[in-house]
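Here the chain labels run A, B, C and D in written order, and each chain numbers its own residues starting at 1.
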Amino acid sequence: MARSDDDRTNSLGVRLDTTRKLTLDLAAPLSDADATIQPHPDASPAKWHLAHTTWFFETFILRDHVPGYRLHDERWPYLFNSYYEGEGERHARPRRGMISRPSLDEVREWRACVDKALAASLPSLPTAALALIELGIQHEQQHQELFLTDILAAFAENPLEPTFGAADAASCYSTEPLAWIDGREGLVEIGAPGGFSFDCERPRHKVLLHPHRIANRCVTNGEWENFIADAGYRTPSLWLSEGWDWVQANSIERPLYWHDDGSHFTLAGRRLLDRAAPVDHVSYYEADAYARWAGARLPTEAEWEDAFACSDPMIGHQLDTAGPVLAKSGGGPFGDVWQWTQSAYLPYPGFATEAGTVGEYNGKFMCGQFVLKGASCATPRGHSRASYRNFFPPSARWQFTGVRLARNA
Amino acid sequence: MARSDDDRTNSLGVRLDTTRKLTLDLAAPLSDADATIQPHPDASPAKWHLAHTTWFFETFILRDHVPGYRLHDERWPYLFNSYYEGEGERHARPRRGMISRPSLDEVREWRACVDKALAASLPSLPTAALALIELGIQHEQQHQELFLTDILAAFAENPLEPTFGAADAASCYSTEPLAWIDGREGLVEIGAPGGFSFDCERPRHKVLLHPHRIANRCVTNGEWENFIADAGYRTPSLWLSEGWDWVQANSIERPLYWHDDGSHFTLAGRRLLDRAAPVDHVSYYEADAYARWAGARLPTEAEWEDAFACSDPMIGHQLDTAGPVLAKSGGGPFGDVWQWTQSAYLPYPGFATEAGTVGEYNGKFMCGQFVLKGASCATPRGHSRASYRNFFPPSARWQFTGVRLARNA
Amino acid sequence: MARSDDDRTNSLGVRLDTTRKLTLDLAAPLSDADATIQPHPDASPAKWHLAHTTWFFETFILRDHVPGYRLHDERWPYLFNSYYEGEGERHARPRRGMISRPSLDEVREWRACVDKALAASLPSLPTAALALIELGIQHEQQHQELFLTDILAAFAENPLEPTFGAADAASCYSTEPLAWIDGREGLVEIGAPGGFSFDCERPRHKVLLHPHRIANRCVTNGEWENFIADAGYRTPSLWLSEGWDWVQANSIERPLYWHDDGSHFTLAGRRLLDRAAPVDHVSYYEADAYARWAGARLPTEAEWEDAFACSDPMIGHQLDTAGPVLAKSGGGPFGDVWQWTQSAYLPYPGFATEAGTVGEYNGKFMCGQFVLKGASCATPRGHSRASYRNFFPPSARWQFTGVRLARNA
Amino acid sequence: MARSDDDRTNSLGVRLDTTRKLTLDLAAPLSDADATIQPHPDASPAKWHLAHTTWFFETFILRDHVPGYRLHDERWPYLFNSYYEGEGERHARPRRGMISRPSLDEVREWRACVDKALAASLPSLPTAALALIELGIQHEQQHQELFLTDILAAFAENPLEPTFGAADAASCYSTEPLAWIDGREGLVEIGAPGGFSFDCERPRHKVLLHPHRIANRCVTNGEWENFIADAGYRTPSLWLSEGWDWVQANSIERPLYWHDDGSHFTLAGRRLLDRAAPVDHVSYYEADAYARWAGARLPTEAEWEDAFACSDPMIGHQLDTAGPVLAKSGGGPFGDVWQWTQSAYLPYPGFATEAGTVGEYNGKFMCGQFVLKGASCATPRGHSRASYRNFFPPSARWQFTGVRLARNA
């Protein structure tokens, strides 16, 4: 191995350690029971996230690339495979909350064993395996965000309103006035330019932008209150047909976790709404209806990406250390809340899945979902980039999802 | 009114008569009971189609533009409004099959009255109303197609397998060999170039095409049998995640209306599959899985539209006269089956809905649906054009929906 | 055959004719479409009742006992068998409303053919077959009542509120004052004493009655209004646990078919409530809650049967001729409304099912249902008797079901 | 207070201690996570049982009868009230598994505080409160049984098959031959004769028994295997209509927890079926179908009670100490498995609920349930008696429910 390879491996090892440790830190405030429950079928138990990310490394690195490695427990892959058909049968997703054993401590022990084996094998891994470690780190970062949104969903189910941690009251930042940035027009390039990316961000390719403008900041809680006060949730003409059905079937009247007394439930417990902060926990349906109410529209993913391609994705309210993250005012495009786009999550021209089981990573979800851009307060710093394509179904609300407006020019 | 206006009005009147008559002809073989039942919540009773298209003209032309017009029956708009929130409360869609009264004959009588009032008012209608008549004609043509697919769905529910009409056995056309047409690359224009179009086809705008090729014809029943024989419906790696869930939850093993003995149910009753004819009644999930199995993909809507922008949409196996339509071999891009694209049904750059209630026509469905291009054997001839954007959810199968493949070049 | 046998056969033939004719009369005001629709899975289309009762005779008499008889149509038994597992596969009950063919006229023609064959075969039928004809008559009478309740349910779905026929406004009978009849105490006999009975009414057997009193008449609409006004539907302590769940899940606020303006929907259309008439279309849950509110309870089936064993079941507001029946004031125990008892529908001591497929008639439903006694305005006169055991699940409301109170003495 | 009252109070205190301690012992092998999960809406988390039984004492004794008592935590009654409408709003039953806080240890601490307060208040409690303590003990014993059946249900969801404890392999008892005991005929008395009883067992009253015989023992696993081998689960004529629907809708092929390899899952893990032991975890539907297959029937509750009125309910395989209970061969009427009767759970003649909120204890469930008699291996010894009326819906299988046959004589 050449020196630069060595360096790269060392750097990878450091990032692996940092990432693995942050996940453990996230779990620190949780009891075994907290970590076991599953609030709804789309959210997973905290313990499951700890285990699944470990399964990923054990399976695709240790089992596949380390001769003689023996699985920590042969029965656990069945429990902690998420959706990889190529890895065989697995435990039903909506029943993940039934797995009181192995305990949180046993899962932690598994993590320790796998981490040790990874560290030992790292210097001698083939390049293909190193790429999979990189993928595993990115994968674990995604689950760190899900860990936070899922434990928020779990605690929100408990009338005692447990807190994940304490946070200061919102500071008195005022909101930046809404302004419109002129977007570029004509042929531009989007997609991953190099460096790590998921398969769905590739290949980089040209797209045609039509004249448009994009908002300088996200919609705030205060602005959302105006939408509510103006009967936004009771005016069918503002909504997509499917969205209006959803509003009525679920008696939707405000963002998820909002109460009717001006407070909302957060990882730091019940708090007064910060009117200056970006609204979060809204669905695509709500984002789209709000935009229509505001005489605007949602941006396309290409418009968003081109607008912020030169912004530094390391800057913003993102996840640095374990704790009760919150969306705040004063941030930039990367952080606080993911921003819904009007673009369906579909393959880029020339898209090809990775070879092997990890090829199931993204491509098979390209149906019925919308792309979100940016990053949120729960996104580990370093994980985001302009070409990133997050995606969720239009009714999803338990993520930190918000709204940035756009307009035709 | 200038002479050319007169001519245009006359021509409109002729087309109105022709269209209204074809709907009646379609209903001719049906009993009152046939025309009343609703096979599933997404399909409507035949009688409802006759009534709803009449409601459209009575509401948006006669009520809104003919002074002194009195509604035929004030209680019927509640029954026959489809989804226009702006027109107020309406009968629940899944309960349309409960409306045994008014009878088919009473609905026919309503049609006759409305037609007479339309004919009388036509010469003096303002231009805006004439545009609404054009819209009403196009709207009724859409319902003619739905009439046929819905009555097929209804008859398919009956173990006695009623037929809508008799048809000759398939002729012995052999299938054209599959070939790949080179698509254009670079900036092209799509969208309605002029003439009548729905709002969702506008504005005409530039899109960027990437190198690609598109198939010269649709996938045939014979080819689909190969897919089945090769375990296509039992191989999860071929399917979108949502598609695989759908296959398993519904025990899907073959296209809708296929039996396991080489026959399928059609408007002409149970028939042997014509192996040379385009496969029909497949969902987006199936189309997508087939394409993956075939080492290809579905075309984008822009690729399809640009490829066939110069084809004559009047040519092909389409609906000319009432009868049991069937997909056949030997047709072109317009006819036999609608062709699924991989494009989500989303607004074009600069899209704006029509003013007023008719603005609910298309825009509010831009979520969770895929675009289909071309036309089918049930599409009234004259209704289709290259810019046409048909759309259905990915699980829909009761339309005449088929597959044309594409590939990256 | 002895003379008395001849007489008996003649008498049977007359009753068969009368019964078969009444069913046809009931269908007279219906269109083909009216007769085809199915308002909910527990109710059947009117046409289905005409066909099913004919299937019963064709199957169990003509097919089984008439040498050389050929089925009118071999495919129809699949459609019109109700629930007899012994007769093989059958059309799914919730899809009965999909059978637009055969038409009402074709079913009428089937009836005529079967009636003719029955008449021809009657003189030479073996005794066992004569007993099945008697069973078939009783069976058809049951379906006459269901015909009326099901067509009421169907018309109630139509916002146009079609009427089955015209009826006079309620006369001004005042209500008899509520009084309590002393029931007998000690060992009494219940169950069919002889004559025709269903298997579930047998064997006649002794039961022990505890001291009790039973109301002289049924609860009236006016009394029910008091229950509503006293928050009966909003007071959980009045309800069974399952009943309270049902009230909340279905937002129940009043009897089925009642509107909030003092009117209710009937076979004679929308009418003002007759405050003196027995309340009808209430569930067991409602009957039980009302009784608790009134400081009373529902009678047991034995208490009811013993109380009215000597009443003439031919007297009362029952079905004589086809038309829009209504519950009225001034009737006795047999007629107007079936009366819920607190007795679960269970086998009598020594109960045995009939041999053969008709043994599925009653026994297999002995779970999850409550017994109702008496008769209703939709019960054909001559069909009822004190030992009769009608039964429905506790949530059923679309029958003419009402309340007679009882008390411990 | 007279001496005998003192004695009675002392004895009550001892029984209270014993009962409270057994519940704690049952929880000993469980982790916080084990105790938190809820396997299905009808089963509760183990922690919930510990908390709910404590809530009962805190509410109905300490809060209502001990002046100055302050609730341990004012927010917990909302969480741990089961179904008492009189006690106000409460946490939704199907969401009990979301309550990761309070932790198992916090609930244990609550128990300790309440136990201490109970002990301190016991000498000075009024008689009415002493009766409620007795009720609370009986109530807690019921929850001890539910604790065991619910934790079995929870562990059965985990593919790792956790065990609640270790148990010896089945001893080689052979099964007693099936024999028929002649039941009494004529008027007998049933219902609670004195001593503690639940309201639903009262009043003691006369019933009439018809000639019958009852089996000397329960149906065994070995006999059930014969039923399966004889296509018992595939023969519709053996089943109630509702039972057959249940079999088909749920693909039922064997008792709950049986695997297809001759093993079943138990509190002691996966074990070979003990063919001599009573079959358990069967529904009423299965019990009824088995009886029909065996040419027998289920006993009525009166037949069962009269047959075993003189048997000592302290004798049998019941719960003495915490551990993995199992049904075994060689037991008597009280123990191993509850025995389904054909009697619906309905009020006895003269039944009256208790005054106050505890009056919701039993009466409001008298609909849609069947009575079970005897006791099971999970019933705390001392809790059962001949007049006891256990009850469950006909589809319930997660209790230790089995079958004793009866016959007409």
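In this text, contacts are C-beta pairs under 8 Å (C-beta built on N, C-alpha and C of every residue); 3 or more make two chains touch, one makes a residue touch a chain.
These figures come from a predicted structure and were not determined experimentally.
Think of it this way: of C-D, A-D or A-B, only one pair shares over half of the B-C contact pairs by residue number, and it is A-D. One inter-chain figure worth recording: chain C and chain D are separated by 38 Å, centre to centre, where each centre is the mean of the chain's CA atoms. Inter-chain spacing, taken between the CA centroids of chain B and chain D, is 59 Å. Between chain A and chain D, the centres computed from C-alpha atoms are 46 Å apart.
Not a single residue in chain D touches at least two other chains.
Chains touching one another form the pairs A-B, A-D, B-C, C-D.
Touching chain C in their complex are the following residues of chain B: 31-37, 39, 47, 75, 78-79, 91, 95, 97-104, 154, 157-160, 162.
Residue ranges on chain B touching chain A, taken from their complex, read 83, 85-86, 187, 205-208, 210, 212, 236-237, 239-244, 284-285, 288, 297, 342-344, 346-347, 349-350, 360, 364-368, 394, 408.
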